[in-house]
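Per-chain numbering from 1; labels A, B, C, D, E and F assigned in written order.
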């Protein structure tokens, strides 16, 4: 194969065929499915969960992962927090003319490896190649389908006093990306937390009672994720600022740049709302797993209301302040 | 809402929320589903078909449609030709900073309208906004899931003498896009054929017997689509050059630019391989439908083999020549 | 592309003309056919009209072939 | 950002230095603290070191607060 | 390692907050009103809000956000000028991230970027020098805002441009000085302030001596302090003690970085490159000698001289930030409050920053 | 409307093909071999293949693809030079689409574009004039290939650049002329050709008279014909008739566009702007006076003079296209065939075009 992706790879002809055969089918092993316009799989029973996300990260390769791994973990996690067992993924690639084939292969291999780790199959794909300058390197869309079993989440049962648990430190992905970008001059050893949480979360659902709802944290960080959750399910949450786990180096980076870790991106963390009686058991299960070893109880459900709920942060002086969504972009500040 | 999409619309914060609420949820009506990380729907019974495609068309608006309509029809058609009844779609938007909100609304409305026409629901979405220059306007990925019923296609039954039918004229989309691009100076009144064929094709499956396999034609045109089909199912097809329906104006444009209509893109055409005994009935059903009124018998299955099949074209002098995939890009030529 | 399909001149503006080929239109240069007039047919190559088709000759040729085709029984080019 | 977290100087090169804040590192300017030496702590603002922290004073302040915190029973600032 | 974590220790913070509340109660009993304290610095304002201390002391100390947020007090005209310049094809505009959403007369830099301007957010002014080197075919303009803390970093960038002989870098200076604005506030009429929390980082540059006039001329006490919760509260406590004791001196409670005479080197560089100028303050108006601009000698780096932009005078508004900052009125008394002036379309600096006094009132009003 | 559809009428085509086969059989019976006919023009080659006539007549007429595909005969050096120029940051290279995948010494324009060069595919050379106007800061270079059909369009572009006083447009002329290459082929030794199908569109420009030397000097007959199936077959039929009758004249079977003296206006413009030069032909070598380049007077539009590029001499190869074209050998007799030379890495022009004689043999070999 050529060293770089050319427009001819995207025109649906000979080179497209070759690219699909040599790069995608070889890694994803979906040759049988690729013969058809759509992959055909048996239906699950009960309910299914469906989610889609596009991945546009810069840089494409960063400590702890790359866009390909991210494209699997992100979508797997969206399924997992919905209570589903992720089953299949589709992958849509939008590639810039001139993109190195070796990079594409690395990315695709990471996807295949992460899919294997997460126990999902990539059953359908699509590749578009666009003119130089029409896309920045590569974008990937993944869409995931999962099966929801007998034992499901139960958002309706959420009640005052329920525990809010985070599966680990926040902001690692955001700072890893920022330092990898080498734009602001920041240097850290932080790795992106990018990971598929489905095994961990599916296990929680199976082995505990009283999990109300879960959410994976991505863009917008813990604060934005929880604000959405509060609004979506009309609950108010009070976080305890001092309990929120933040890696020291992430804290240092935030100090330098004027960022708030509450708004930094994560790619392998989820918040879990669970009956307070089960909180210890949930924490214990989390702690026994690599991706949950820093899990912490960070707050409580403060109230249930008819209207949109609010997110509040309890400060060290025992007052609360309201947290809102990230308003605008996360920018380095001087004041 | 602001007049243009800014980076802040893509950071997962307040403006993202607003954009999703005011543009997507309003058009797609999936507010209930959007509360969750993944949409949850009941499983179908039997088998399901899953397909994904990204849409990167330039220009975004063209005679006969726009990227939004295309993103629905393309994925719906991939499901339909697999014999599935398209049920749900996901939509992933990648938008360039500065993109006009009014254009986005137009595109999203077209998607919603076409989804309604095709009888599918858009149940999950995602929006990314990237720096100016990191994407050309807007890219859309759609992933579709369809249900395969009792009455299915039967590729295994394909046999020598089976009829090859095309649902209408070829190359309309390719020429419509090319003239809309206003780059080569070509002016035509050709409209893109972009259409959801699911109603038509599902009806064929229900009302006739002996449909072996179908394929929608997109990039690479009739030739590339049929070459793929021949290879995928180890059949050889002989097309009758003079039978292939081409709009006069498309032919004229090809003459001017040195294009071969066999390789021009289509977005609302499918080829159908059917038992020759049923060919007339299929044609009759097609002719009674708007999207099939120019349907034509264009060839026959010439042989079945173990190895990859070949596509051949019967010329007016009764010889045949082999057709291969589009090799490289479709370019205007001087010789 | 060296094709023989005639393009009909439907508009002339200075050294440019709009031509029609089976409904598809294109603006081309007419620098090399200064005597061209509306409704003339031209052959185009790389965006330039290269020649004005002599319609009598063309029609004569067309007629000849048409007749040959219609006279199915007659031997082909026995001469 | 006007924060008070000290940055430790771990490398000096001309008018630039590499500093460490809880493990995170950054190259900053030291134009305004020409007397800076390795292992000094500085406060940074907009990419420049603005001052070298006087460690005795800082430690004295830290010690004072630490003692106050540890002497839980004593009344706070009764003076 | 400097164990500075103690400065944000939760229990210590709580106990100190109690102590401040106690001390303020004594004041309230004595005076029949809460003590009014202005934190001059925008970062102090942010720290009070984020740490929860502001809420904790709500009924004990009236904390007034002063004019010390450089972003908030930047005149609309500067932003209008930047937007105008950024529309030129060959201009790359560099700015601190904070400035992106500050509204000018009818747009913001973020909107300009959305509409196609090449605007880059940098962390350090020196980053813009690198951008100028990387794009010799472009004019790189830096929007130079800031108080005395930031001004040296601007000078450092100009000096780099000078050393590298750059001809495509310039800076649009619109800097602000603390002493002149405090003087103007105090000068302009009845001030309802009992004391100042003075900006720790500005003081690093200017030194404790720069506040002498507060005591000498206006007999208002002040405490220079840092930004961590314990430091904020310690400063308040010391200020209240002064009030109790009737003293009006300037206390330096940030001794490990603030010296009597400040940072000589930084002052030297500022003197070398800059000269005093009258500056326009958003919502306050022009204050004589309240800013620093490039000396004539460095005109080649002065964007105002290099480019001809004359943004229209922004409409005169009825903004009363000046009065709010002096403690004379509350936001609700401004007729624009929550009408023409909201956080998404702020008129004065008190509404620009999310923690400005007007913005804080606005949010408080709609919450709980 | 001109009813030109008759020229591709299926039944007429079939019956004419039968007639040609019959006529050729007579030849075969008489001579004990198939008649060898060279279609000089690349478009004729394509038309024979696409229409199926080539296959239909496989056992009756040996059709040899001549050197008339301007893309195929373009020297590697021209492509190498273009790639080299296109790597410059300020260059936009314009080309006909056909040239994109033609390999130079080690790369193609498509690869150069993939690697970052700004290469635009245009339909008409005049399009590159518009690009030059739209990008005054860029150097727009047009890769000017072509035979007499295309050369006038190149001249038209230069004339436009002249009229618009463009200083950023130039053309890299590497044009080819039909008569000199035919002369060289015939001159170089034993030619195994019975006659020529002469290029209809070149003839529009040059006129029937330009082939007089075929008859006068080499006594080989030729027929000028068009590109539709009926025209191709009619041309063959008339050529065979000449062979039967032992005549060696040039027949104009495309009278409605080809005249005795060609297009005077086009010739005039070519004479004004261009002058004869020696040209290098891929796989054939240099042929004296076989191309046209810009006159010294128009040196400012001459990319070869404006830019200093000296691509290395491509390795001398053992390509035998010259012999293949003359009918002396078949592709299988070339030692590079299907070894160093394949369609994806062609050495000579006969392998570049998918319908070149070598490429056709290559594909035939692996099919059926």
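Here are some notes:
The rule is simple: a residue touches a chain if its C-beta (ideal position, glycine included) is under 8 Å from a C-beta of that chain, and two chains touch if they have at least 3 such contacts.
Remember, predicted model here, so these are calculated numbers, not experimental data.
Looking at subunit A and subunit B, the chains in contact with each of them are E, F.
Shared contact partners of subunit D and subunit F, listed by label: A. Taking the CA centroid of subunit A as reference, the farthest chain centroid is that of C. If you compare D-E with A-D, the chain pair joined by more contacting C-beta pairs is D-E. If you average the CA atoms of subunit A and of subunit C, the two centres end up 63 Å from each other.
Rounded to whole angstrom units, the spacing between the C-alpha centres of subunit B and subunit F is 38.
Here the spacing of subunit B and subunit E, counted between their Cα centres, is 57 Å. Residues of subunit C in contact with at least two other chains: 1-3, 5, 45-47.
Residue positions of subunit B with contacts to 2 or more other chains are 7-8, 185, 257-258, 328-329, 332-335.
Annotation for subunit E: residues touching 2 or more other chains are 11, 41-43, 96, 110, 123-124, 127, 146, 150. Chains that are in contact with each other form these pairs: A-B, A-D, A-E, A-F, B-C, B-E, B-F, C-F, D-E.
Residues of subunit B that touch subunit F in their complex: 184-185, 242, 257-258, 314-322, 328-329, 331-335. Residues of subunit F touching subunit A in their complex: 110-111, 113-116. Put simply, subunit D touches subunit E in their complex at residues 1-6, 8, 28-29, 31-34, 41, 43, 45-48, 50-51, 53-55, 57-59, 61-62, 65-66, 68-69, 76-77. Chain contact summary for the complex, subunit A toward subunit F: residues 2, 4-8, 97-98, 132.
Chain contact summary for the complex, subunit E toward subunit A: residues 8, 10-11, 13-14, 17, 41-43, 46, 49-53, 55-56, 69-71, 96-98, 100-101, 110, 121-124, 127, 146, 150, 229, 363, 367.
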